[in-house]
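Below are two complexes that have chain A in common, paired first with chain B and then with chain C.
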Partner chain A sequence: MAIEVYRIDDRLVHGQVVVGWGQPLALGFLVLVDDQVAASDWERDLYRMGVPPEMAVYFESVESALSHLAEYRQLPDPGLLLTGGTATMRSLVERDPAITRVNVGGLHHRAGRSPRLRYVFLDAGEESDLRAIGARGVDVTAQDVPGADPVPLDELLARSGG
Partner chain B sequence: MSEGPRAIVAAHGDLAEGLVSAVARVAGAAAAARLLPFSNANLGGVELVDALRCELVASGAIVVFTDLPAGSCTIAARRIARESPGLAVVCGANLPMLLAFVMASSIAPDTWRQAVAKGQAAMCVAEEGAGGD
Partner chain C sequence: MTPPRSLPPGTWLHVFARLFAVQGSYNYEAMIGNGIAYAAEPAFRLLPGGRDGEAYRAAMARHSRYFNAHPYLAALAVGALVRAELEGEQPDRVERFRTACCGPLGAAGDRLVWAGWLPFCSALALLAYGLGASAAGVLFVFVGTYNVGHVALRAWGLRAGYREGLKVASALASPVLRTGPLHVARALAAVAGAALPLVLLRLSGAPLRPFGLALGAAALLAVALTRWQARVDGWRVGVALLLLFFLYSVVR
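Let's look at the complex of A and B:
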């Protein structure tokens, strides 16, 4: 199997990931790529607690993820990789050409961000990151849950409201 | 407002509002006033923690009832509980649990423990006629 979804989501592990994507895709594992979470026992326990026992969770920094992604792609079950922001995903994409699709799953309202969809708000840096990811030929779409229609990057960036 | 400890019901979408509304229908508005509904809608991880913390400070609630163990409300509540000794986080809230909480005669800080037991005990499968003759 493979890593089926490369997802940007500022909530990291939460209901949409574990249930919304996890059940229909029969996910066997999550890879959470976040330097701060990877460095903290407490943060790792926090996110591990919410995941059902049949789903493994692996915690990686950007650097360690890049050295382990090939191994994750060899696991027998499908998996989902998570980053909390666009910059981390951009770092992965720029150094791992095997990432061909990126899902923008949730970047919520905060100061400096502009609304694009109900669940996607972007600042200038995030927009630049997504453009850079797309410019590498990666298929970037916004989609919060599997049952929603994916919104292509060009359409996402052209939108000005939720 | 009725006597006793207060709680926040934190959940996805409009679930918290609905649960508190149901409590008010069953137990009365005064009892339901001990529960504050909180939705995670449109909030990112950091913003969710900030908003929930503000609600806790403003309300004096000592319990956060959440809907889903893996949910963002639970993650946020656990983050706050780490810095707030005495704050209880209860996952998987249901109506019997919330009713037990607001109807408890005790005003002890751990009233929520009895409510959890009630909520767990209330779960059942009604199979009348399932055998089908």
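Let's look at the complex of A and C:
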């Protein structure tokens, strides 16, 4: 099975991921790509606690993810890859042409970010990252849960409020 | 692990009391972030410089940001965050902890409270009604039991969070959260199984003896299904029962 979803979500592992996407897609594993989480025992322990026992979770840095993605795509169950920000996803997309779709699942309010959707707030750097990802032919949409309508990148960036 | 510094009892009481208002300023931008800062604020007054100090202002700004978790288990986060700030943890590390604990606290709280304790208390109130309690008695059973649970959970969370600090994953592995939902679900099934027929009996005003016989037969069937659950399909049992009713109506 493939990695079904490549998701950007600053909350990383949480209910929308493990239940909202996990149940309808019958996800068997998550790949969490974050350099700092991959190097931190207590963060890995915490994120593991948010994942149900029947779902595996793998922690990778950007470098290790790039070398293991082909193996994850061979696993029998469908999976979801998560990054906490646009820059990490951009690094993956630029070096792995097999990523053809990116889901913006949640980037929340923070100083310097402006609202685009109820669950997407972007600063200039993040907007630039998303444009760069889209410019490579990757289909970028914002969608928090599977039941919601996906919002295409152009429409997302044209919006100025939630 | 070095034990955390002890806090004055008044500070604990203030923080604990404010946990009940953690959803008071809920909004989409910060979720319960403002509530987290409000709950932890009495402890932040102990930071160097007190309420006028830079550390206090920085901590309040940090913790007023986006945070989303189960409102009762947010106590665990508040305890851990208070300890982290008082021990002068790096702001970046504190930020990462806030991000990391949202998911696990939300998932654990949903399983234990919304899917476990709340339905259990409802079933207990139904049982009280079935056993003949007055309206006030039913209300007392529900509100009393539910409040005992969530107050105890908040108190445990605050204490465990402060004790473990950023290594709060070990508190999340506690039996309260790992096996608690399973025990509560079993208790819920038992109480609901006893309550529903008693409620029906009280509502219908039916004579006790035939109702008791039907209840006994249903209990025997339930025990049998439990024993054979790996070998019997639900639809087969349903079809068999329909056939029995059909034969009974023909013979009768």
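Heads up, the rule we're going with is that the second predicted complex is superposed on the first by the 162 of 162 C-alpha atoms of A that agree within 3 Å, B and C clash if a C-alpha of one lies under 4 Å from a C-alpha of the other, contacts with A are read in each partner's own complex, and residues count from 1 in each chain.
Here is the rule we go by: a contact is a pair of C-beta atoms (placed from the backbone, for glycine too) under 8 Å apart; a residue touches a chain by one contact, two chains touch by 3 or more.
None of these values were measured; they are calculated from a predicted model.
K.L.:
Fit or clash for chain B plus chain C once both are placed on chain A?
P.N.:
These partners clash in the superposed model.
K.L.:
Just chain B (first), just chain C (second), both, or neither: which does A:E4 touch?
P.N.:
A:E4: touches no partner chain.
K.L.:
In the overlaid three-chain picture, which partner chain does A:L107 touch, first (chain B) or second (chain C), both, or neither?
P.N.:
first
K.L.:
Touch check for A:Q36: first (chain B), second (chain C), both, or neither?
P.N.:
In the superposition, A:Q36 touches chain C alone.
K.L.:
Given the touch rule stated above, what does A:G50 touch, chain B (first), chain C (second), both, or neither?
P.N.:
both
K.L.:
Looking at A:V13, would you say it contacts chain B, chain C, both, or neither? Reply first, second, both or neither.
P.N.:
both
K.L.:
Scan A:D123 for contacts with chain B and chain C and give back first, second, both or neither.
P.N.:
neither
K.L.:
Which region of chain C runs into chain B, 22-30, 202-210, 220-228 or 238-246, after the two models are superposed?
P.N.:
22-30
K.L.:
What is the shared patch of chain A, the residues that chain B and chain C both contact?
P.N.:
Touching chain B in the first complex and chain C in the second, residues 10-15, 17-18, 42, 46-47, 49-50, 52, 84, 108-110, 118 of chain A appear in both lists.
K.L.:
Going by the contact rule at the top, pick out the chain B residues touching chain A in the complex.
P.N.:
By the definition above, chain B touches chain A via 12, 42-48, 68-72, 74-75, 78-79, 82.
K.L.:
Can you list the residues on chain C that touch chain A in the complex?
P.N.:
Interface residues on the chain C side: 28-30, 65-66, 68, 96-97, 99-104, 106-108, 110, 166-170, 172-173.
K.L.:
Which of the residues in chain A end up touching chain B in this complex?
P.N.:
Within the complex, chain A touches chain B at residues 10-15, 17-19, 42, 46-47, 49-52, 84, 106-110, 118-119.
K.L.:
Which of the residues in chain A come into contact with chain C in the complex?
P.N.:
So the residues of chain A in touch with chain C come to 10-15, 17-18, 36-37, 40, 42-43, 45-50, 52, 84, 108-110, 118, 162.
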